[in-house]
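As written, the chain order gives the labels A, B, C and D, with residue 1 at the start of each chain.
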Amino acid sequence: MIKVGIVGGTGYTGVELLRLLAQHPDVELTAITSRSEAGMPVADMFPSLRRRVNLVFQDPASAGLDQCDVVFFATPHGVAMAQSPQLLAAGTKVIDLAADFRLKSLDEFSKWYKIPHTAPDLLEEAVYGLPELNRKAIASARVIANPGCYATAVQLGFLPLVEAGVADLDHLVANAASGVSGAGRKAEVGSLFAEASDNFKAYGVAGHRHLPEICQGLEQAAGRKVGLTFVPHLLPQIRGILATLYARVSPDIDVQALYEKRFAGEPFVDVMPAGSTPDTRSVRASNMVRIAVHRPQGGDTVVVLVAEDNLVKGAAGQAVQNMNLMFGLEETAGLTHIPVLP
Amino acid sequence: MIKVGIVGGTGYTGVELLRLLAQHPDVELTAITSRSEAGMPVADMFPSLRRRVNLVFQDPASAGLDQCDVVFFATPHGVAMAQSPQLLAAGTKVIDLAADFRLKSLDEFSKWYKIPHTAPDLLEEAVYGLPELNRKAIASARVIANPGCYATAVQLGFLPLVEAGVADLDHLVANAASGVSGAGRKAEVGSLFAEASDNFKAYGVAGHRHLPEICQGLEQAAGRKVGLTFVPHLLPQIRGILATLYARVSPDIDVQALYEKRFAGEPFVDVMPAGSTPDTRSVRASNMVRIAVHRPQGGDTVVVLVAEDNLVKGAAGQAVQNMNLMFGLEETAGLTHIPVLP
Amino acid sequence: MIKVGIVGGTGYTGVELLRLLAQHPDVELTAITSRSEAGMPVADMFPSLRRRVNLVFQDPASAGLDQCDVVFFATPHGVAMAQSPQLLAAGTKVIDLAADFRLKSLDEFSKWYKIPHTAPDLLEEAVYGLPELNRKAIASARVIANPGCYATAVQLGFLPLVEAGVADLDHLVANAASGVSGAGRKAEVGSLFAEASDNFKAYGVAGHRHLPEICQGLEQAAGRKVGLTFVPHLLPQIRGILATLYARVSPDIDVQALYEKRFAGEPFVDVMPAGSTPDTRSVRASNMVRIAVHRPQGGDTVVVLVAEDNLVKGAAGQAVQNMNLMFGLEETAGLTHIPVLP
Amino acid sequence: MIKVGIVGGTGYTGVELLRLLAQHPDVELTAITSRSEAGMPVADMFPSLRRRVNLVFQDPASAGLDQCDVVFFATPHGVAMAQSPQLLAAGTKVIDLAADFRLKSLDEFSKWYKIPHTAPDLLEEAVYGLPELNRKAIASARVIANPGCYATAVQLGFLPLVEAGVADLDHLVANAASGVSGAGRKAEVGSLFAEASDNFKAYGVAGHRHLPEICQGLEQAAGRKVGLTFVPHLLPQIRGILATLYARVSPDIDVQALYEKRFAGEPFVDVMPAGSTPDTRSVRASNMVRIAVHRPQGGDTVVVLVAEDNLVKGAAGQAVQNMNLMFGLEETAGLTHIPVLP
C-alpha cells in the first residue's frame, strides 16, 4: 500500500482526491492537513465521506507528511514550491495540483502568477503530468506538475493536429466552458448560486492563466510557436468542461482517422464515432475524456469537441493517474468509476 | 458470477442498474431488453457506458432471460406481473422495480394503478424489499417488490417511532421533495428543463401512489392503522429525495437514542449527530440514506430529516442490495461507491 | 413624484428595489448609498440596470437622504434603527426591509438578533407592513417594518384559519423552502453554486429568526398563543418560496370558501381553484402570491400551499406596496409586472 | 389600440408574446388560437397569466383572426405560409416568428426545412425583421420574417465588421450557446430536466437551420459570399443566448469605436465599455442585446461577445419591436422592462 498525504484538503480538488483515494485499492490515506481546520474530522466538513474517511485535518507541522510515499498539494499556488524541497529530501514524491511547476519559464511564471518562483531547480526537474504526452517521463519523476483543467482538455484536443503538423498553427481558437466548481470552494460573490445559476458568460478574455500553459504544451509538440485565441466561459453547472476547438486543416486530411490513431490504446481518451457530440455528463465524476471531430460542410475548418470532468481528468483524477504511473501501478487503478448519468 | 438480465433498460432506473451492475464484482450482465430499441448498443443510448457495457438491447422474445439467475424489471407497472410466472418456472428470480408486487391488497392495487392484478399468487408470495424491515424474508425470496423511492425514505424515517409506539399515529405528516429523475425518462412537458428548472411545486396532494405503500409498511410495523398526510414536491435538481417528517412524540422520549439504536449496524442508514441537516448531495450516486432527528424548541413535535438518492437507495441500489441478500453475497457488494460531492 | 432614497443598495433586495422603483410611475430615485462602493455607478455593479439607472453609490453622510420623502433600508439589521430617528426628524418616512422593527418585544428582538435595540420608541410606533393584515395602519405610518420573506408566505397562508379560529393552533406545521437569493449577496461558502446547486436540505430547524415574527402575527390574529413548527429549506433555484402548511381543521369547514372570502379583492393574493398546485415560477419577478388549499382524502388535516417571489412580495415588492399605501398612491402602482415564465 | 391575434400560443414564444402584449400600452389582445387546446382559458395553461389575460384558446376557424390589425404566428414552420395569404387579403398584417419567410431562396428553404414553399410571392415580399438592419423596410411591410434567435445574435455581432469590410470573411467563427427554452415547449427526451441539467454539449455541428439565415444576412451586408463556421451549444439554463464570435481583423482597426458608432442610437443594442463580458442574465426577460468587443493580446483575432434573451430579442420581443415599427408606434413601446436580476 502506498502511503498518501494531502496538503490542503478543504477545497473541491481536495474532496475529490479523498473520494478517489479512499476507494483506491493500493492506497493508504495517511494524513491530510489544513491549518485553518486542524482538529476537525474531514467527514464533518464533507458528510459525503462519513463512515468512509476517518481522517482528521492536521496542522502541517505535526502531520508527518515526510513519512508518506507521495504528497498531493491541493493548495493555492505558492505552497507546493515552498514545501516540496523538504519532502523530496525525505524521499517523498510530490504531485502539485496547482500551478507551481507548470510553466517552465520563470518569467512566464512570475508574469502570470504575480510572485517570484522560489524553487527554480524543481521547476526544471518537474514533469508536466499529462500522461498522453509524457507518460514515460512521469513514471520516473519525483515532482509532477498536474495540468490545469482547461489546459488538459485543450491540449488533448489539439495534440493530434499539432503533432501531425496539419493545422494553421497561427490561428487556433479554443472556446471553452467550465462548471463553477472550477472556481474552487472560495467564498466569492461571483461564484454564488444566485449569480452563476441561469447565467452564462465569458471571462478572462484578455488572458487566462491556462493560456501560457496550453501554448507551452502545444509548442513543445509542434516544435514552433503557436497562435492561440482562448476564451473561457462560466457554465451554470457544477462539474464539466467542454472545449470547442477550431483549426484550419486542409480538406484532404482525414481527421477522424488521425485522432483514432493518436489515441488508440489510451485508457482515458475516448475518440467517439464521426458525428458525435460528447456531453459533459457522459464523463461526470469519471476520469474519461471524450473527443469528437467534425468538419462542417466539408470545409477547411475542423471543429474538435472535448468533454472532461474538470475535477477528475482536469484535476484529482489525473493526479491519481500520475501517481499510478509513478509507482508502477496499473494506470487505471482506482479510476474505473463509470460516469454518473443522469 | 451471477447471471443478470434487465427488462426495460432505457429509463433512468435502467441506466442506473447498468452503472451499478457493471461495476459489481459478482455479476455478469447477460441480457438487456427493449422492444423499441432492439439492436441498438446500450452505449449508443447512454454514452457514459461506452467501453464499459457492450450489451445490445434485445427483443424480449429472444433475449434468453430465463437463462439468467435473476431478472430486474425496470419497466412501467404491469410488465413484471405478466412476465414473472414464466421466469420463475424456469428457476429465475425476479426483482421488480415497479409497483406490481408492492401492495398486498388486490383492491388497493387496482384502485391506485387502474389495472387488475394478473398474478395474485405472486403478489402473496412477493417480499417487500426493504432490507431494514424484511432482511430475513428477502434472503429466501423468489420475487422482490422493490420499494418506491418516496416510500423508502418515508418508511425508514418513521419506522423507529412507529415500532416503538411513541408517536401520535393518527396525524403523521410526510413532506417530501424529489429530483426530476423520479419522473422517469419519459418525454412529458412537465419534466422539461424549461418547466422544472428554477421552480418548485407540490403535486399529487390529493393522493400519490406511494401513499398506500407507505401506510401498508407503517401499519405492518405498528400493528394498527396509521393516519398519514403525504405531500410530494418536485425539486429543480436531477437526483435526490429529502423527506421532512413531522410527528407528535412525548417530550420525554429520547428520539436520538431511539434512532441510533434502531439502525445500529445498518450498512446503508447513517443516523447523523443531533442537530445535523443532511443534504441530498451527501448521498448523491450512493446507496446511503442519512437521517437526522430534531425536536424544535423542545416541544412535542419531532422533525425527522431523511436524505436519499432516489435512483440508488430509492430504486436501483436497493434492488442490488436485495439481490445481494437473495444470493448470499456481501450485502454491500457493488454498493460501496462514495457519494459524488460536489 | 415621490423622492426616494435607498440605503445599502448592493444586495439582492437593493437591486430588486432599483428594478421596481426605476419603473414606478410616481417615483423619482434620488439617492442610493453604500459606504464600501461610494463613487461607483450602480449600473457598473448591476449591468442589468445600464441605460436605466444613472445613480452613483454615495457615501451616506453626503447623500442627502433627509431630503427624500421616504428611505428604504436594504441593510443588515441594526442599521435602520440607528439612522431612522434623524430621518424621521427631518420628515422623511422609513421602510426597513431588515428586522429592526419587526418584533414588538425588546426581549425577543435581542434574543433572536443578538444585539440590544437602540430605538425602542420607534419599535412601538413602527407598523408591521403586511398590507393584507394592517392596511389601514400602514397608510398613516411613519415607520414600516417590512415583513420577512418566509414570514409573509406563512402568515398569509395561515391567516384565514387562524382568524376564523377553526384550526388546532397548538400544532401548526410550516414546511417552507426558499431559493438561494434569500441568503443575500454575501460571499459565503454555503451559498456557492457548487454547494447549493443540485442539492436540497433543511436548515435552522432548531429555530429560525422568522419563527417569532410569524408567531407574533398569528397570535395577534388569534388573540392567543400558537404552537408552530417551522422548518425552512434551501432550494437549488434563485427566486421563489413555497410554503406547505399543515393544520388540523374539522372536516366540516369549507376551507376553499374561507380562503376565497378572506382574500376577496386583495390585489396581490390569488386564491386558486380547488386542486391547484401553485409553482414558484407562476409568481417569478412579480408581487403576486398564489395560494391553494387542499384536504387530502377528506381528512382532518388541511394543506395550504403558498407560492411567493421572496425578493418581491417577500421583500422589495411588498416594500413598494407599503410605500404606495403610505403616500396614497394606487396600491398596485409600479407592481403590475406579469410574472416571467418560463 | 391595435387589435392583435396570435396563432399557436401554447409554446414558449407564445406565452412570451402574451406577457409582452398584455402589458403593451397600445395593444388589444383579441384572439389566440390553438387547435388542440380550443376552449381552455390561456391562464389555465400558464398560471403566470391569471388575472391578466382572460383569453380562451379558440379554434382557428372561428377566431376571427382576419378582424385583427396584425397576427403573430408562433407556430412550427409551414403554418404561416399557408394562412397568411388569406389574412393579407383581409388587410391583416403578418409577423411570422417561425422560418417560413426568412430564406429568400426557395431552394435553400426546401433544403433546410424539408418542405416545398407554398407562397413564393410572399417570400419575395416579406421583410426580414431585424430592425438594426432593415428598419425602414419594416415600417412599410405587410409580412415580417422575424429572425431566428441565434441569427439575431450572430448577425448583430458580426454586422459592424462585415459592413466595414475589415474582417477575413472567409473564416468567421460563431460559437453560440442557448438556454433550453430555445428548443420549445415540446415533449422531447433531449429537453428533459434530467437530460439537460448539469450538462453542456454542442449540437447541429454539421449544419443548423440558422446557418443559411445568418449567411444570407451577412452576405447582403458584405455584398459577397462569407465563410462561416457556426457551432450551437445547449446550456443548462432556461433563457439566454451568448454568442462568442471570432474574426481576423487587422490590428490597426479600432473595433470598439467601430461598434459604438454602428449602434449609436439603437434602443436595444448596448455596446459595453472595452473589457466587458456581458452575461445572459443582464438581459434576462428584456429586449436588450449587450455586445462587447475584445482583441486578446492585441493580436489579429477579434472576439465579439453578444448576450441576448432568446425569447425576447431572439423571438417575441423583436416581433413586438417590428409591430411597433409597422404601426408607427414608439419603437420601444411595451419593451421597456428592466432585466430581471438575479
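Rule of thumb we're sticking to: a contact is a pair of C-beta atoms (placed from the backbone, for glycine too) under 8 Å apart; a residue touches a chain by one contact, two chains touch by 3 or more.
In UniProt terms, the chains line up like this: A, B, C, D = N-acetyl-gamma-glutamyl-phosphate reductase.
Keep in mind that this is a model prediction, so the values were computed, not measured.
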Graph separation of subunit A and subunit C (steps between touching chains): 1
From subunit A, the most remote chain by mean C-alpha position: C
Comparison of C-D and B-D (more C-beta pairs in contact): C-D
Between subunit A and subunit D, centroid-to-centroid distance (C-alpha), Å: 39
For subunit B paired with subunit D, centre-to-centre distance based on mean C-alpha positions, whole Å: 45
Chain centre separation (subunit C, subunit D; CA means) in Å: 36
Where subunit B touches two or more other chains at once, by residue number: 12, 179, 181, 185, 194-195, 197-198, 236-239, 278-279, 281, 284, 342
Touching residues on subunit C, where the partner in the complex is subunit D: 12, 15, 19, 22-23, 46-52, 181, 185, 197-198, 238-239, 270, 272, 276, 278-279, 281-286, 288, 290, 311, 336-342
Footprint of subunit D on subunit A - complex, ascending: 171, 173, 175, 177, 179, 194-195, 197-203, 205-207, 227, 229-231, 233, 235-240, 242, 244, 246, 248, 275, 277-281, 284, 294, 296-297, 299, 301, 303, 305, 307, 342
Parts of subunit B lying in touch with subunit D, wherever the complex brings them together: 12, 179-181, 183, 185-189, 191-198, 236-238
